[in-house]
Every structure is written in C-alpha cells, then in structure tokens.
Amino acid sequence: MAQPLLRAIDVHKRFGATEVLKGIDLEVQQGEVVAIIGASGSGKTTFLRCINLLEEFHQGEIQVDGERIGYTEGTHRRLGETAISAQRAKIGMVFQSYNLFPHMTAEQNVTLGLIKVQKRPKAEAVETARRWLDRVGLSERRGHYPYQLSGGQQQRVAIARAVAMEPKLVLFDEVTSALDPELVAEVLAVMQDLAKSGMTMLVVSHEMLFVREVATRVVFMEGGRIAEQGPPDALLVNPKSERLATFLGRFHGVFR
Amino acid sequence: TAPRPAIAQTIDPSKSKLQEVLKRGKLIVGTGSTNPPWHFEDRSGKLVGMDIDLSRLLAKNLFDDYEKVEYVIQGSDARIPSLVTNKVDIVVQWMTITPGRAQQVEFTHPYYREGVGLMMMAGGKYKTFQEVKAAGKSAKVGAMQNVFIEEWVHKALPEAGVDQFDSPDSTLQALNARRVDAYLADQSAIRWLMQQFPNRYVEGGYGWMPNSYASAVRPGDPIWLNWVNTVYKEAMMGVDFDYFAASYKKWFGIELTTPKVGFPQEFA
Amino acid sequence: MFEPGSFLYEAWAARYGLLAGLATTARLSGITIVIGSLIGILGGVALSYGPWPVRLLLRGYVDAVRGIPVLVLILFSYYGLALLGIQISPFTAGVVALGGFCGAHMSETVRGAIESIPIGQTEAGKAIGLTFWQRLRYVLLPQAIRRLLPPWVNTAVEMVKGTTLLSIIGVVELLLATQQTIARNYLVLQFYFAAGMLYVLVNFAISQLGALIERRTAHFRY
Amino acid sequence: MTYQFNFDVIFRSFDKMLAGLWLGLWLAALSLAIGTVIGLLAAYGRQSRLAPLRAVVWTYVEIIRNCPILLLIFFVYFGLPELGIFFLGKIESFVITLSIYAGAYLCEVFRAGLASMPARYVEAAKAIGLRPVQRQVHVVLPVMFRITLPALSNNLISLFKDTSLAAAIAIPELTFVTRQINANTFRVMESWLTASALYLVTCYAIAWLLRRVERRYAVIR
Amino acid sequence: MAQPLLRAIDVHKRFGATEVLKGIDLEVQQGEVVAIIGASGSGKTTFLRCINLLEEFHQGEIQVDGERIGYTEGTHRRLGETAISAQRAKIGMVFQSYNLFPHMTAEQNVTLGLIKVQKRPKAEAVETARRWLDRVGLSERRGHYPYQLSGGQQQRVAIARAVAMEPKLVLFDEVTSALDPELVAEVLAVMQDLAKSGMTMLVVSHEMLFVREVATRVVFMEGGRIAEQGPPDALLVNPKSERLATFLGRFHGVFR
C-alpha cells in the first residue's frame, strides 16, 4: 500500500480539563472519501480542526503527505506562524457556516489565496478561479457578493475557494446542515463530482443519506475515539456495535 | 547636620535670568489676552493694555527696543506653573500680591493699587452701592472667581448673595442677563467698562478691599528681581515716568502728578 | 447696522483674528485626528492580538486617559512634562494631550471593531493559508472599517470640540480668538453664537464626510 | 526636578473637593435620567411618519451634537434670559443644558438600539396577540435597554466628566473647587493631580458598577 | 362535514412586483395536522405569515373558525391594530428561530400573553404556564433565561408559549431546522403529543422523515400555488406529479 495521504497517530486534545480527543488513529489513502459520523460532542469537528491546525493538540502526531503537521517534534515545539500558514495552504477546509469574506465577490474570494498565498500572477489566478466557479455551476455569479447568493451558492463558492488551491486533502465540516434539501443536492453534486476526479476528502456529516451516497469509507466516532469503521453499506446497514445501532436508530428502517 | 555658613549661595551673576535674557535677545512674558484694560487685543489684533506697556518698557530697557518681547498667552490658572516650569521669564498679568502666593514666586514692586467696586445696569433694580446694601439678602452680586471673593463681598455687603464666574466676560454677561444685580470688579476694570459703554452701566460710588498688583518672577534669582524692580521704580519715580504716566492716562484715565524733586518720595 | 459696536461691524473688524483661530482649530484637530487614528490602529491591533504584557500596558494607558477630563490631560502635557524637563510649545502640548486622548478612544474603537468580526472569518483566512498580517490586511481590517466609521466620526467631532480647552494654555484657537474679540466689544452672546455655528458647521461637514465614506464602503453586507 | 510638591494645602480643602465630586455625580445622574426621556422621545420622533417632526428632531440632534457644550451652557444660562425666554437658577439651567446635550446623544443610541432590535421579537410579540403599546412596553423597550446598556454607561461616564464644565457658570463641583484652591494657593500641580485622581477613581467605580449591572441584565442574542 | 377551522380562499400576496402567493385555497378541519412542503421560495413561510397577519395580502380571504381575518371586507379595509391583535391571540405561531423574549425567563415568556392578552390573574397564568412547561418536559427549567437553554429546550418553550394560550390553530414554521438530530427528536415528541391531544396544526418542514411521522395530510406547494395534496403515505411514496417526484428525488429510495 502506498504511503497514506493523511496519517493521525494517537491524537489527544484537551479543552481545559476535559479530554475531547482520546487517541485518534486514522489513515486515509489518496483518493479516498472518508465520512466521519457520530453523536454531537463526540469530537468530529475538533479532529478536523486539529488537522488544519485551527486547534493545538497535546499528544500524538498528524502527518499530511508524509510531512509532520504543526510541530517540529512531539507536541512541544510548535512551528512558527509562517510555516503553519504554508502547511495550511496544502489542506483545504470548508466550513458549515461557509465563512465567505463578505467584502469580496465570489471570484475575489477564490483568488485571494491563489494570489497572496500561492503568489500566482493575477491573470492566472482569475483564470483558475473562473474555471472552478464554472465547475461548481456559478460562472454567472462570480461578480456577486456573498449576501447576493443563496446558501447553496455560498457553500459552492466556499468549496471552490478551498479546492482551487489544489490542496492534497479537503476537509468538510457539516457543509450541508445549514441548507435546505434542494441546496443540499447542489452541494452534494459538486462533492460527488470532486470525489470522482480523485480528490481526497474527509467529510463530517449528520446526514446519513448524504454519507451513504458520497463516502467510500465511514468512520464512527464516539466519546473522542474511533469506535467503528468500514464501507458505508456495511456500516450503516449492519452496524456491529450496540452504540452505532442506537445512533442510527432513526435511520434504521431507512437503510434496508 | 553641620551648621551652614551664613551666606551659603554666593550668587553667580552669569547664571542669572538677566544674562539669559540678554543673550537670547528677547524677553518672554506670560500674560493674558482677554482682560481690558490690562491685557487684550485691539481691533488690529495687537496685544495692548497696561501689562503690555510694562512688558514693552522692560524690553526697551533690556534691548533698547520695545518690540523685543514674546508674549506667552495663558489663563489665570497658568500664572504660577509657567514660572515654576521656566516657560516664561516674568509674569505680567494683573497679579494680586498675597503672602500665600509669595511663598512660591517672588513679587516685584507693585505698580497699581486696586480696590473693588460695584457696577450695575443703568436701568436696573439698584443704582448705587447704598441701594444694594439696603436690599440685604435679596441682592445678588456676581464676581470673578477667587477664593477670597465671598469674604471680600461680605466685608461691604454682609448679606448679599455671591455668584462666581471664571472669566470677566461671563461675569459681565451675568449682569447683562440680569442673573446678578451687581458686578463686583476691580475698579480699573469698572472704569474701563464705563468708558466703553457710556450709558449702559452705572458705578456704585464706593470702593473697598485694597490690594496691590505686581509682576512675579521665579524665586531664587535676586539679580533678575532686582533689575526688574529697578525698571519699575524708575518708571514710577524716575527716568521712565513720562512713559508710565501716559499709560496710566490711557488705560485708567488717571493723571499722575509729577514726582516731587528733592528727597526721594518713596522713602518719605 | 454697520456702525462700530454693532455685531456685523465688530465681526468684520475681527475677521482676521477669528479666521486665524478657525485655522488653528482646524490644524489642531486635523493633526490630532491623524495621530490619534494611527495610535488607534496600532493600539487596537495590539490590544486584540498583542502578547499580554503589551496588552496590559495599553489597557492601563487607554483606561487612565479615558477616565481623566481632557482639561487635566492638557495641563499635564504642558506643565507636567515641563517639570520633567521637557519644554514644548502650547500647540505641541495640545497635540500631545488631544492626540493621546484621541488615540486611547480610537484604540478601543478599533479593538471593538476587530473583535466584532466573526471568528469564522479569521479561521477561513487561516484555512487558505494567509499569514497573520495578510489576514489583518485583506480580511479583518476591510471589514472592520465599516464598523469603525461611525465611532471614528464621533471621536473626530469630539476632538474638534475638545480643542476649545486649549485656550487655557494660550493656544489661540477659535474659542480664545472669540473671547479676545469679546473682551474688546462685549458682544458676548452674538460672538459665542457665531462661534457655536462655526463649530457646528465644521463638525457637520465631518459627519457628512463620514456618512459619505460609509456609503462608499457599503458595497457588502452580512 | 526643581518643583517642591506640597499637598498639605490641598488636603485642607479635601472635604470641599469631595462635596464637589458628589454634586457632579448628582448632576450627571439627573441629566442622564432626563436625557433618557428626551432621547427616547426623539428616537421615536425620528422614526415617525411625519416628515416635519423627523426634520425637527434631526436638526436638534445635529446642532447639539456638533456644538461644544461650553457654548451651549453659555447660551442657556446667559442667552435665554437676555432674550426674555426663561429664568432659572444656575443648577437648573445647567441640568437642562446637560439633559438636552445627553438627549441628543442618547437619541442616536436608542435609534441604533431600535434599529438593531431583531424584528423577530416584535413578530413573536405580535403572534401572541400583544397590542402595539404592549409590544413596546413589554418587549421592545426592555430588550432595547439591555442592548444599549453599554452605550448608556459610556454616556453616564462622559456626562460625569462633562459636569466639570459647570464650573463656567459657578456651580461648585469638583473642577470649580479645584480652581478655587488654585486661585488661593497656586498649587496648580497638586490640586489638579488630586482632582484627576478623584475623577479617575470615580470613573472606574462607575464603570465597575455599571458592568455589574450589564452582566446582570445581559441579553445573549 | 363540519365548518373548517381554517379556510383560505384564493389568497394572493405580492412583494413589490413579484407575486409570491398566486391563489392559495386550503381547508383544514379541526384536529388535522397538515404539513406544508415545497422548494425554497415556494411561499410556505409567506402563507403562514399571512394567516397570522404578519404579512398583509392583496386578494382573497382567510377565515379562522368562521371569522374573517385581518380585513373587514375584501382586502381593502384592514382592521385596526387592536382587532388584529385580538385575532392573532387565537392563532399560535412557533418560529424557526424560536424568538423567545431574551429578557424573560421561560415561565415569563409563557405567562406574558396569558396575563396581558387574555387578562388572566397572575396566579392562574403561572399555574397554566407551569402545566405546559411540565408537559414539554421543562418543569425544572422554568426559571431559566433563553440563553441558558439549549436550542431544543428553547424551541419547546416557544411551543409552550404558543399553545398555553389555547389557540384554535397553531402554525409551525420549520421549527426543527435550526436543531441537531437529537434536539429534533425532543421537539418531535412534543409535537406528536400535541397532535394526539387533538390540536389543529399547520406545519412547514423540510424534513420528510419528520413530515411522514407527524402529519395527517401533506400539502405540496410549488411557485406560490398548491400543486398536490394527500395523506403522507400516498403523497410521499407515490407522488403523482413529475415536480413532486423530482422534489422528493433524494428521498425516493427511502420511502418504500
């Protein structure tokens, strides 16, 4: 097996006295789409944020594409701001609340990172941004400001902003839960398209239907640990553990 | 501690303010700009008044040029701090001599003896000092702020109410607006106002509470103080008398009598 | 109507003095506002992101300066500094006092504006790999400007009004120039009224300018 | 440093300074109370459907906010009687001036408060059948007051600092007393140092108290 | 058939030039639970708001319990504010964003309308409020302020506030969409309980699973009109129209 694109080794994270991640081990191969499910508070968001260095963790190690993230050794020596920014640039992240920059048009949202972080010439950045906005079906909206776009459109811009930088790995945190079913469908289509093109993705979601459609592997988190994982059809339809069966309770009749 | 020799500080003349001023080539005077007839701006925007004339006289005696004065305009509050912090060479700003103040600055010879009096609206409730006094409690007197002011008023008007203001024009405005029945002020200022507005006001016809106006310098410099005193004395009694008398006439309307020759009057 | 002693005659006679006072007021306010804004931007950023000793120091400065009447600050910068051997002109002392006062208020304003921007904006900036200064420059400050403008205009107006207090240390700004005129002709109400209207005019112009910039930057919403 | 500090003369008059401080606090509190009523009426006036009323309120707010308060104090105290309009004691006329001044500022505060009042609260109030006046009394005003509390406390503090200007018309608050001490002793440095310490401590105390009130009535929106 | 509790006749509503409701006809009988589904922008919320007079409409008529709502005749003469307030008091409404009064405790939120609108004595109002808070499972939280409550708890207080006034009809607008799945379950339970007790409800929701569990009838809105209606099992499982089939697309496999 090739070197995994993401490797998390025994990651621990505390907020004050409460330990939220209690040792996460996970390997994700190039091209996989891994969905993380679990009850509220089980640590899904926190794990994604650790990968992208939005949170510091206290023990363990995370490697992306073979490179250790955030620290020079152990979890004692944190890297400098500049080095961390450079590492973040290799990982895309899409947030539940989109977090588009409200003072920039869709296109400017996408080009900002290309120009300022990747130092690409303006013309090329605009070209790239247009290509991606095209791909998420927003070529006509590129001059619009976020407030002029619907939720689904905003979320698609956010995806374009993340993937235009051609990150090795894209993290999605409940990207559909602020959306209505039709907007969910829009975003889902874009993500399936990305998945087909071989992009490596880590997706946190509460929407089991969505998870089943998009993921190649499902990881169930429980109390800061990974409790169970496997292909979606196996895991969602025949949960092994009691806890997962309860968790899926409402959907149980659904997945037959 | 060891007993100190009687004359501890031998005075070094080269460290005196006098030398400093001469070397600088101009005199720096702290004064105000809003109190006629002492210091104010005329229509052309030039500072004029009794205090200004004295400053010019000092300059003339220093540099033989009346114009070599730089005025630092300041509020009344600022008179002592600007000396203490060495911002000015001398304060010539209608300063009343009090022993309390003399603990912090040194006063020159006085150049005017002031008293306070009352001024009232020509068509107002009261027209003379006696009427105000007779009115007792129901009369209200306005005055420039001063910690002794109530005491001063009550010396002559034991029952009158007192309102204090922080500038002469506020006080006058209080009289105009009939917020007060009478304006208590320096008699020099009253004379000036009566002259400016011949029919608007009446004077109370009684003055009291004498106090002396002088300039002040930073303490601990006898050479400088002595020099300024020499200029002032000779203005009042000697070579510069004509200049001084002309100023008195101009600002106070007072004709000074020429000092008698013979035995120096000041020691009589 | 135009004889000596009438308001119009006296106002015309005093025009140079009053205009010079107005010019001094404008110059003082201008310099003060510029200095205050610079202090404010640096101070606001440092208050939000600085290491704790810097934050503590700034907090002390901001709170102390905001709790003392401006008049007292002015007296300190003119006489207090002189006691420490620093001799500055009344004008400079005014700039120091008002600039320091303005800076304290602006720092607080800038901090508030920066902190009112949702944390998600910072995180999104981080997520695409922007460095701290890039996030400040491209993400936070452009958004903060909008929230900054109204209080900024308020402070600017306060500064213009605050210059009146410099008359006490002898800066001949509009109020002192007016008082000098009044000392000559005793048209108290008329001249105070005229001066008041001049202040209202200047400040109204500032507010309108602020409103204009606000509209210009209103091309986005949340 | 050549200056010799001497605080004795100041402390001899300390009781007068405290009395001045207390008076200033009262003036500020009273003006805030009256100013709040003026500000509220004005804020509703600016939302009124009557264009002339809006214009009047707008003019009031713009003139008052842009004019140095010292000049306003002079107008009310000296000007109105000369024009034969009004006759009041100095304390009353100062309180009226400061209230009018505060009213103009508070009008803007309340207007912003009303504007940032989420419409959904009004809708919820409508949905349970509250009548217009009841909606204002039970929902809009209480919520708006809580939203604007920080701005109100800032205003109280600056009003308190503005009472120092009452010295101009001979009201014996702290600044006036300090100037009196100056005029007597010429201990300018000492007296202003003492006065500013008093101002600073008082402002801190007010701020601390009001923050407690704010916390007590905080509305998490 | 008895007189319908709610009767909407040809209701039209414009915002400026765009017509959002293009003639809605709907009758709801006492005790029915009618769910309204439809794409975003189809006018569901607007319709509910017209019933509760939060919006004015421009043509047609709405009757609640036989009484014409909002207007004395046609849509020309709008009733006075006081009359409208009295009518609103007969209709409860629960909002997506809860809209609890932030300066009042849970109990005060519920008693406000009882005391000020229904003029009940304070003691009786408190008694009623406690009974309802009990029923939605919040007896221990009645002294808490909204910010001290979770989303699901806030929404349950909002329901208690609406139903405590014993309205003839309760309108629910996407009351669960701001909640996570576990909180949805809380609110759902309360609503099912209310439905069982015979309360008449009109429920707008995007959650088809929820709709199927709670509704006795489903109404599908499309472009400001009612496109299709029927019992949930029939409508959701075998949509007649093409459009509804597309709308349900994602759920199609689910409801078998």
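We just call them A, B, C, D and E in the order they show up, numbering each chain from 1.
One rule holds for everything that comes next: a contact is a pair of C-beta atoms (placed from the backbone, for glycine too) under 8 Å apart; a residue touches a chain by one contact, two chains touch by 3 or more.
Everything numeric in this text was worked out from a predicted model, so none of it was measured.
Common neighbours of subunit A and subunit E (chains touching each): not present. Seen from the Cα centre of subunit D, the chain whose own Cα centre is farthest off is A. In terms of the distance between Cα centroids, subunit E is separated most widely from B.
Distance between subunit D and subunit E, defined via averaged C-alpha coordinates, is recorded as 46 Å. For this pair, subunit C with subunit D, the centres built from the Cα atoms lie 20 Å apart.
For the pair subunit B and subunit D, the distance between C-alpha centroids works out to 39 Å. The distance from the centre of subunit A to the centre of subunit B, with each centre set as the mean of the Cα atoms, comes to 82 Å.
Among the residues of subunit C, those touching two or more other chains are numbered 75, 79, 83, 188-189.
Residue positions of subunit D with contacts to 2 or more other chains are 2-3, 74, 78-79, 82, 188-189. Applying the touch criterion to all chain pairs gives A-C, A-E, B-C, B-D, C-D, D-E. Every residue of subunit C that touches subunit D in the complex is listed here, in rising order: 63-64, 66-69, 71-72, 75-76, 79-80, 83-85, 157, 161, 164, 175, 188-189, 192-193, 195-196, 199-200, 202-204, 207. By the touch criterion given at the top, residues 39-40, 177, 180-182, 185, 206, 208-209, 247, 249-251, 254, 256 of subunit E touch subunit A in their complex.
Residue ranges of subunit B in contact with subunit D, taken from their complex: 76-81, 84-86, 100-101, 104-105, 145-148, 163-167, 170, 173-174, 176-179. Touching subunit D in their complex are the following residues of subunit E: 52-54, 81-82, 85-93, 95, 97, 99-103, 112-113, 116-117, 146-147, 158, 161-162, 165.
Looking at the complex, you find that subunit D touches subunit E at residues 120-121, 123-132, 134, 138-139, 142-143, 146, 217, 219-221.
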